[in-house]
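Take a look at the structures listed below.
Shared between the two complexes below is chain A, which pairs with chain B and chain C, respectively.
This part shows the complex of A and B:
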């Protein structure tokens, strides 16, 4: 870490990098945001933004289970519950009984309500409200290592499964003809999202985690031509909003997570206009 | 047919449920039920009612809830209050739900222990005397009065007066208990002054605005309160400003509270070289009437260690 700090000091000799907590937050943002950009592309493509939102809400129940079991680190209980939740959602969707958004809505509200009931049982829901907003500034060096491992793991899964994700998301019949089991591919993806959301929720927060997944990819879709540039744009926009939001939050004294999302939202508005104008030009 | 059977089943369930509840046996009702809003009040009430026959003291929020900021009243709390003879509150805006309770249960006797205590304004430190019948909004006044021992003594006396009025038969016992407890508190205050007054370093940084009354009593200077609201996270700028302030003012110790996570305190300490200590505002603790005395003694030792 010392080496990294020194590198940051040399490359970015600004006021906001003066303190180690800002350096930690900066490194964490550099690790988390590409992940969100990358995974977000597929979420937007597959129209799963509501699904990742539900996973975020389920984290509250995961925390509550951790509290009830008396563990200090809620990561495991959150992860366990989120995986269960994700697999259950995709199984119920697979049964085809009800429409996807209804099923996700049912799970999302159940997860949230269960979390609220369990956490306020001891009278103090306010104690856990930190998880609603998240706090990137408290990220610790060992947690940064965890994020680095996560980034590597996601890149690996992405490399192995990307084509299958893509085919399954574009055309189910085509996938079947190529002997790709859509259900299995979807489960891998769902688990990936669950892990990502759970690991980062402590720093990003239940309320805004989904914005970070959806906004960069949605902006990228406005301007990208083709799959490769779509991914590149999404990752770049995600990292740019992360870093800009963090720096802005330092100088403005605002909450880091919310500022990052606002920057991403502004970028979406700009790309929307760009896409709209270029679409008109092509049409005329 | 299936529908009809289901309907019959539902109906019989509906009928069975209330009758099932009604058979729960009710225990012997205590003659006089005192319900306190949260832990500091509970400890005071335990002392004032110690050994008085027929009195039961119950803590509404539970021992581990801590400060009542943003506390949401639950159904069981209202049930609890419905059977109470007296509801003891800290007042000064701590119980933000109090208006709702009074509206729902107009017959309930509320003892406001903050009456007559000089309140500090949140953030600015301006003074404001709280008088009876004073019903303007106290949202901006600091309610953590019990953390100062002198104010705690006043609160105990207010409590005693309130209980004696509501339960005149035992008034003499309440007064006797109060005298004994106030004596203990005064002895502790003297001991703490002796220990803390000569300390050379008087600048401290605290989290959550629980200590202004304490600092006033022992002439400590709170350089900065980080996180005025207990569950909000300080922004990056606030953290950076605090770190600079700690370095400039030569603050040796940063005081966190056992009730709240230390992450922000740890960051400030690690960056500025100060040490994190724990000061207890006694908002949570064991079911023990000496809990306040014990916690304050512990605070005294911490301060001596941190500031000498």
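This part shows the complex of A and C:
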């Protein structure tokens, strides 16, 4: 860690890097944002943005369960509940009774409300309200190591399974003809998203996490022409918003998460215009 | 292609008569035995028995809701069914995990997705993740696949969502033909493709039959095309009502009744 700090001191001799918590936050952003950029591409492609949002909301219930069980680290209870939640959503969607967005909406609000009720019953919600917007500035060195491991794991999954994710995302019948089971692929992906959301929720927050997953990929779609440029744009936009947002939040004295999202939203607007204009030029 | 001549159905055998190749011996086939599909709202398919052999283009016809799509989904292994579907290789051995080429008519997909034709084809060719790029070797193979399916190689860099109906049909055909399938499932292009495009599509399918000899099941909605291009036909209405050689099936009472065709005597004038 000391080496990394020294590197940052040499490369970025600015006021905002003077504090260790800012250095930690900076490293964490450099690890989290490519993760979100990568995974976001497929969340947007699979039209799962509501789903990841619901997973984020379920984290609150996961924390509450952890509190009730008396554990200090809520990671496991969050992860357990998020996976249960994901399985339950898939099962109800699979039954074909109601439309997907309705089902996810129901689960999402239930997850949030249950979390709020349980937490307020066990000693006041205010103590946990930090989870709503998260705080990247509280990230600890050992947690940074965890993020690094997560980034490697996601890169591995993306390396091994991406082509199957891609074919399955086009059309389930088409995937079936190549012996790709869309259901199984979907499960791997859902687990991945659940892990990602759970691990990073503490620093990114229930209300913000989905914006970070969706915005970079959504912006990238406006300008990308193929899968490689889609991923490159998404990761770059995600990292750029992360770093810019973090620095801006330091000088403006604003919350880092929200500032990062705002930067990403501005980039979306710009790419939307670019995509719109180039689309019109091609059409004319 | 003749030098390492292991006879594989699907290989180009046009030059191998001299090498003693006998394509007619190929035993690849699909046998459907007593297939049934039940859903909550009742029986969709029952007692479906069908054989499709090497080099045969079987037209699957029937009214809307007769279960054609359900049968395709069962063949793809997408829905549970009773009964048996047996795939046999060119050597006459049973194929447990058949490779099925499927070119659907109305592919439901996200047209705004930034996925190029090359991405789709290369993702099918190797496990090398396409988000890191398309390797040169795979791109060349993908270009050859496109040409085999009657499409231009320039389509590789076009977005899947920006293709015309006819282009998409060919890209899907190229996708379906790699790896060479044990069964080719086709949907007749109707909505998005113009009349000339449909004929080009059929000519292509017939050329593929001559060249690669795999069994083909074709869902068709146009009886004139069936007569012109299919070698056999099966009329489906929750079960197979009649099947066999295409002219016999088309002349059968069941087909005439289903499609409200005039009796043969009336048709003469």
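The criterion applied here is as follows: the second predicted complex is superposed on the first by the 282 of 284 C-alpha atoms of A that agree within 3 Å, B and C clash if a C-alpha of one lies under 4 Å from a C-alpha of the other, contacts with A are read in each partner's own complex, and residues count from 1 in each chain.
What we mean here is this: a contact is a pair of C-beta atoms (placed from the backbone, for glycine too) under 8 Å apart; a residue touches a chain by one contact, two chains touch by 3 or more.
The shown structure was predicted, so the numbers you read here are calculated from the model rather than taken from an experiment.
*Asks:* Looking at the overlay, what does A:171 touch: chain B (first), chain C (second), both, or neither?
*Replies:* second
*Asks:* When the two structures are overlaid on chain A, which partner does A:120 contact: first (chain B), second (chain C), both, or neither?
*Replies:* In the superposed model, A:120 contacts chain B only, not chain C.
*Asks:* Where does A:138 make contact in the superposed view: on chain B (first), on chain C (second), on both, or on neither?
*Replies:* A:138 sits against chain B, while chain C stays out of touch.
*Asks:* Using the touch definition from the top, say if A:256 reaches chain B (first), chain C (second), both or neither.
*Replies:* In the superposition, A:256 touches chain B alone.
*Asks:* Return first, second, both or neither, reflecting whether A:231 touches chain B, chain C, both chains, or no partner chain.
*Replies:* In the superposed model, A:231 contacts chain C only, not chain B.
*Asks:* After lining up the shared chain so the two structures overlap, which partner does A:221 touch, if you call chain B first and chain C second: first, second, both or neither?
*Replies:* So A:221 only meets chain C here.
*Asks:* Please work out whether A:281 is in contact with chain B alone, chain C alone, both, or neither, and reply first, second, both or neither.
*Replies:* Once the two structures are laid over each other on A, A:281 reaches no partner at all.
*Asks:* Of the two partner chains, chain B (first) and chain C (second), which one does A:129 touch, if any: first, second, both, or neither?
*Replies:* first
*Asks:* Name, in rising order, each residue of chain A that touches chain B in their complex.
*Replies:* 16, 18-22, 25, 120, 122-127, 129-130, 133, 135, 137-138, 246, 249-256
*Asks:* Where on chain B is chain A touching in the complex?
*Replies:* Spelled out, the residues of chain B in touch with chain A are 61-62, 64-66, 69-72, 74, 230-231, 233-240, 243, 261, 263-264, 267, 270-271.
*Asks:* Quick check: in the complex, which residue numbers of chain A touch chain C?
*Replies:* Interface residues on the chain A side: 41, 45, 47, 158-160, 162-164, 166-167, 169-174, 176-179, 220-221, 224-231.
*Asks:* Along chain C, where are the residues that touch chain A in the complex?
*Replies:* My answer: residues 72-73, 76-78, 97, 99-102, 104, 107-110, 112-116, 118-120, 123-124, 126-134, 157, 159-160, 172, 175-176, 181, 185.
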